[in-house]
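Below are two complexes that have chain A in common, paired first with chain B and then with chain C.
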Partner chain A sequence: MRGADYVIRRIGFALLTIFIAITINFFLFRVLPGNIVSDLARVPHATPQLRHALTVEFGLDRPKWEQYLIYLRELVHGNMGISFASQQPVSQLLFNDLKNTIPMVAIGTLGAIVVGIGTGILSAWRRSSASDHVSTNLAIAFYAFPTQFLGLMLLILLGGLLPTSGMENPYAGVFGPQSTVARFQDIGLHLILPALTLLLTLYGEFTLIMRSSMLETLGEDYVLTARAKGLSDRRIIARHVVRNALLPIATLVALSIGWIVGGAILVEYIFSWPGIGQALWLAINQRDYPMLQGGFLILAVSVVVLNLLADLAYFKLDPRISE
Partner chain B sequence: MSAIATEGGSLTGTVSRARSGLIRQAIIERKAAALGLGIIVFFVVLAVAAPLIAPYSTTARTCAVFAPPSGSHWLGCDDGGIDMLSEIISGGRISLIIGFAATLIAMLIGGGVGILSGYFGRWLDTTLMRITDYLLVIPDLAFAMVIADVWGPSLSHVIGVIAILEWATTARIIRAQVMSVKERVYIKRARSIGASHLRIIGRHILPQVGPLLMANTVLTIAVAIYLETALAFLGLEDPTTTTWGTILEHAFDRAAVSAGAWWAIVPDGIVITLLIMGCFLLGQAIEDALNPRLRVAHLSSRRWALRPLAGRGPGAI
Partner chain C sequence: MSLLEVRDLNVWFSLPGGGELHAVQGVSFDLGPGERFGLVGESGCGKTTSILAMMGLLPPNASVSGEVRLAGTDILAGGEDSVRPHRWTDLAMVFQGAMNALNPVRNVIGQIAEPIMLHGSVSMAAEGGGASMAAEGGGASMAAGGGGAGRGGRGSAAAARKRAGELLELVGIPAAAGARFPHEFSGGMRQRAAIAMALACEPKVLLADEPTTALDVMVQAQITDLLVRLCEEFGLALVLVTHDLPVVAQVCQRAAVMYAGEIVETGTTDSLFHSTRHPYTRLLFAATPDLYADDDVMSIPGAPPRLDEPVTGCPFLPRCDSVVDRCATERPLLRVVASANGAGEAGEAVHAAACHRDDAGGTP
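Here is the complex of A and B:
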């Protein structure tokens, strides 16, 4: 029963957070200087009548709370407004961006988790050796490198070998149609640098946590028992230590999600990856408030949802936390 | 009655002395802590003495566009023919001001919220903790971008944005500490002899959470400077100022990469990294000294404090 209670509480909290995010989102953008009318009416000779007509058309003459309710209602129907810049529905634009962001972020993050866990295990296994010191100090350094600096470094070092900007070669389809395989190859090549930057920014923390979690688990009594039974080192590590030491990684992933999103924004900006971070940046520069509002909302909601999933996964791994 | 009160006071005095002694000890014993402190002090001195040390002006042209490092310009020049070394020294000044000021505000809010929440509990705790929960979950760079854009680019706005975003973890940690401290016997005794809430918080609780607040301050400086450089890189800072963040932004914007001008990027990235590492090492050492049992702190700071202070023996981190 307790478990079900915990799950319900987590879901309730996630829903509440999303609702708060939506509300803050709405009011934040109502205190911005200017609104859609001042933007659209910025044509020469805009008459007061035109302004008034636009104000009424967009419902800006109604009280704020009514606008808020309308906003909520439209949001539930998946309507996030129209982009000022491209005059297309925001939800459709952001859906396309999200489709580009997810593979890049997923590959970078999963890579960071794998590399971090791997180096962490090796470090703890060969603790206090030269390779441990090198790997740990490297992890601390990468942990402290600003994402944008890492990205620029990779641009300098590998910029000549790999594509540095965008997601596809814009001229690929010009001389005759492109096969699907070639297209995916092209995207894969473009994906290497952004995903690698994200991987390097993130992996250090995983190494440090995995290493210390391993060291802690190695001191447990059951490891001593396993050793007394005469099991080999490799078997003890693989069977008895790693699985238990993985638990803090689950927490770390959950707590890092907001951070990963921040890293992804910087990475997309550096490599012009046409994802949601890039869209957010463009929206700010073009004063495209509906896009900005929608983009932030999508990011906030995805972080909350991923956090919830991580929480539930953690609960599955270690049911003790509900108590 | 006054005798008891003094006794209580002196007892707290001893405890807090013992605790600050612990920090000193940590710095002396741990090479990492001393190194961290050394790095921070170095950059603070550099920032304070910037106008005296910087060899060239940061506004006037003194060399060719993207001139490589040479005897007269140790770190070369940027796209406007401005000496990089001078830019980094003066930029550090603004970056540190942003980092320190934002951290100060964040610590005041975070410490205040943590103490109020932990001490008074009930609905106040529930309300304040919901707010911190929200801030902990929300992606901070995205939120900072939105607010920075809403407020417009200026130094004080960047400080405000970072402060608003970074107090929540501290509030969480302080709250937990206050909740455990307030149950201790000497606090109950102070209350039973009629000490006011203000007095209990000021005389008995604050000294107990002080060192923890200090560890958090150091760690938050790192996060604040990181966020500053990120916001500046995305062009959300006053374009007329020079900070460590805007130096990278300019280099990226004006194609230092394709010009092969690594000197416009690398030294700046290294100083940012060094300062962040310095804060990290020092903050971590203080935390370790304060709470050797702090293993995996589930609700500690997202980026810096979520780490098992782990391992056993000198080889462990």
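Here is the complex of A and C:
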């Protein structure tokens, strides 16, 4: 089969990348100034004895290489350590955050991809028409807006209509049990604004790149051949242009999807979405190294894995790529 | 009656900075069934533009006037809607540099089968005893293909692919190789595949745009032979666009030489080669390397005139080696200089040239 080799090599490369990321991740936090104990030391009445006890408890008195080996061993067993701040297992905390982040960011990002590629195709097809100008200029405008500005504008403009904070109505269920349907409806409403912010900030790039990629493809000789063969415009676009034009987009899509897991720190912060982005921001403030380390790890792994998927998709889309 | 009549074809391109470029200026020619006609000239003289205009394939910034009559009907009269039904079914095209004429992400056989699925194929429609073109042409392999292929004009995907496989065999590529992608083909194979694709709907006229350019000489010879063989076998008429005079001599019965958007000399290949009338044609021959001659290859100094400005007098004047007084003031028109049967009427074998020297009676 074509490229079994290619697939295996790509997977091997991805695993190696992840291992290197883990290692860098570990030592990064060991060279940063300050640790949990020095942070706790700001607590009044903390005695040197207490500090020492804490250092020993967290294993910070051991040599770095030993800490590294312990870290690797525990990681293999799915243990990402205990959060300094909340004393709960990091893996469990991050899992809960991920569960909240993924639906919101996925809807925003996938929406942006669909809207962006769709408008890009239409723009290129109706090149230089009024709708092309409107669509392209809108895309540039939204692409240029900083996330926080767009988020705040949406919050101000639509704040009266839609919930602006959190993932669920905190008072729901206070006056009696809430049905599952009602709960999902509530979450759905809360999800609209952050997902929309994300969609609007991301889609412009897809529109612009898809449009230029389409225009480039439309100038290819094989598109002229397709016209000469008597194919209708619609059929030419569908069969001979879109797939070829999608090739440059594949990488961009993969990189964007990689961030679905990483969350969108700004968006989560603006709309108080209890996801992984917020959690990481909080962890930075609290110097919660295990939490940060876990978060970074998940980020790195997801980016590597999704890049791998992009490579494989690219391989499927373009027969010219071989071993 | 001629199969294809091109009458006073003009093409203007509107330029981005305003202004227009008159790329094709009053081109007319006739093509009989099964006839092979060459359009010769240097780059930018309007030969490719002419044949793209004939199929209505020019970009939106081009405006076209004139008629392209196919069996008496002007196919350009109704714009895109009137020309599309004729594409590939009546007029098919083999593109310049087949490298890029095939979509790189689709396999070859699918691209050949595509127009068959869209338009059907004469052989497939005629199955069960119709008068198929292939049967008339006596093409054994093609007729066999028609017999075995589909149930109706618009065949199923499987029938179309089967037919596409037969076409590949016809141009000398194993049908099984059709499952491969264009980048896995050599240049010659790609050109063969492009020819197979052009034959898919059994057109009456094949427009071939520099089909042998960018191929090495051996492959060039194979491709020209293939084109001639197919035309003869299936009674296909061919318009061959090329800058390569020897190829025209090998393939075509008649030819026209284009310069700066217009035809400056036309006639049978024989008369063009042996009783050349126009200085440009003569210089063009002198610029062709000759294996057996000792003479150096000459080049024609200068460049063609700009086509976005009106030209007074003869467009070839600045580069001509035999200028007379009238050349600077009066534009020479295409005039019959000799015809096979001695009559001056426009006919198949007419030899015409656009040069003042001919009016004076001198041989340039």
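To be clear about the criterion, the second predicted complex is superposed on the first by the 281 of 323 C-alpha atoms of A that agree within 3 Å, B and C clash if a C-alpha of one lies under 4 Å from a C-alpha of the other, contacts with A are read in each partner's own complex, and residues count from 1 in each chain.
Operating definition for what follows: contacts are C-beta pairs under 8 Å (C-beta built on N, C-alpha and C of every residue); 3 or more make two chains touch, one makes a residue touch a chain.
The structure presented is a predicted model; accordingly, all values stated were derived computationally and were not measured.
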Task = Quick one: on chain A, after the overlay, do chain B and chain C clash, or do they fit? Just give me the call.
result = fit
Partner chain in contact with A:Pro48 - chain B first, chain C second, else both or neither = neither
Request  = Answer with first, second, both or neither: which of chain B and chain C does A:Pro177 touch in the superposed model?
outcome  = neither
Inquiry  = For A:Ala300 in the superposed arrangement: first (chain B), second (chain C), both or neither?
reply    = first
Inquiry  = Quick check for you: in the superposed arrangement, does A:Gly160 touch first (chain B), second (chain C), both or neither?
reply    = neither
Key: Partner chain in contact with A:Trp281 - chain B first, chain C second, else both or neither   = first
Message = With both complexes superposed on chain A, which partner does A:Pro63 reach: first (chain B), second (chain C), both or neither?
response = neither
Message = In the superposed model, which partner reaches more residues of chain A, chain B or chain C?
response = B
Note = Vertex chain A, Cα centroids of chain B and chain C as endpoints: angle rounded to a multiple of 10 degrees is 70
Message = Can you report the least C-alpha distance between chain B and chain C in the superposed arrangement, rounded to whole Å?
response = 7
Query = Can you list the residues of chain A that meet both chain B and chain C?
reply = none
Inquiry  = Show me the residue ranges of chain B that touch chain A in the complex, using the header's touch definition.
reply    = 130, 133-134, 136-143, 145-147, 149-150, 222, 226, 229-230, 233-236, 248, 251-252, 257-258, 262, 265-266, 268-269, 272-273, 276-277, 280, 295-296, 298, 302-303, 306-312, 315-317
Ask   = Along chain A, where are the residues that touch chain B in the complex?
value = 13, 16-17, 20-21, 28-29, 31-32, 127-128, 132, 136, 140-141, 143-149, 152-153, 155-156, 159, 205, 208-209, 211-213, 215-216, 219, 248, 251-252, 255-259, 261-262, 265-266, 269-270, 277, 280-281, 284-285, 292, 295-296, 299-300, 303-304, 307
Residues of chain A defined as touching chain C within the complex = 220-222, 224-232, 235, 239-240, 243-244, 247, 317-320
Remark   = Listed in rising order, chain C residues that touch chain A in their complex are 55, 57, 84-89, 92-93, 95-97, 100-107, 114-115, 118-119, 181, 183, 197
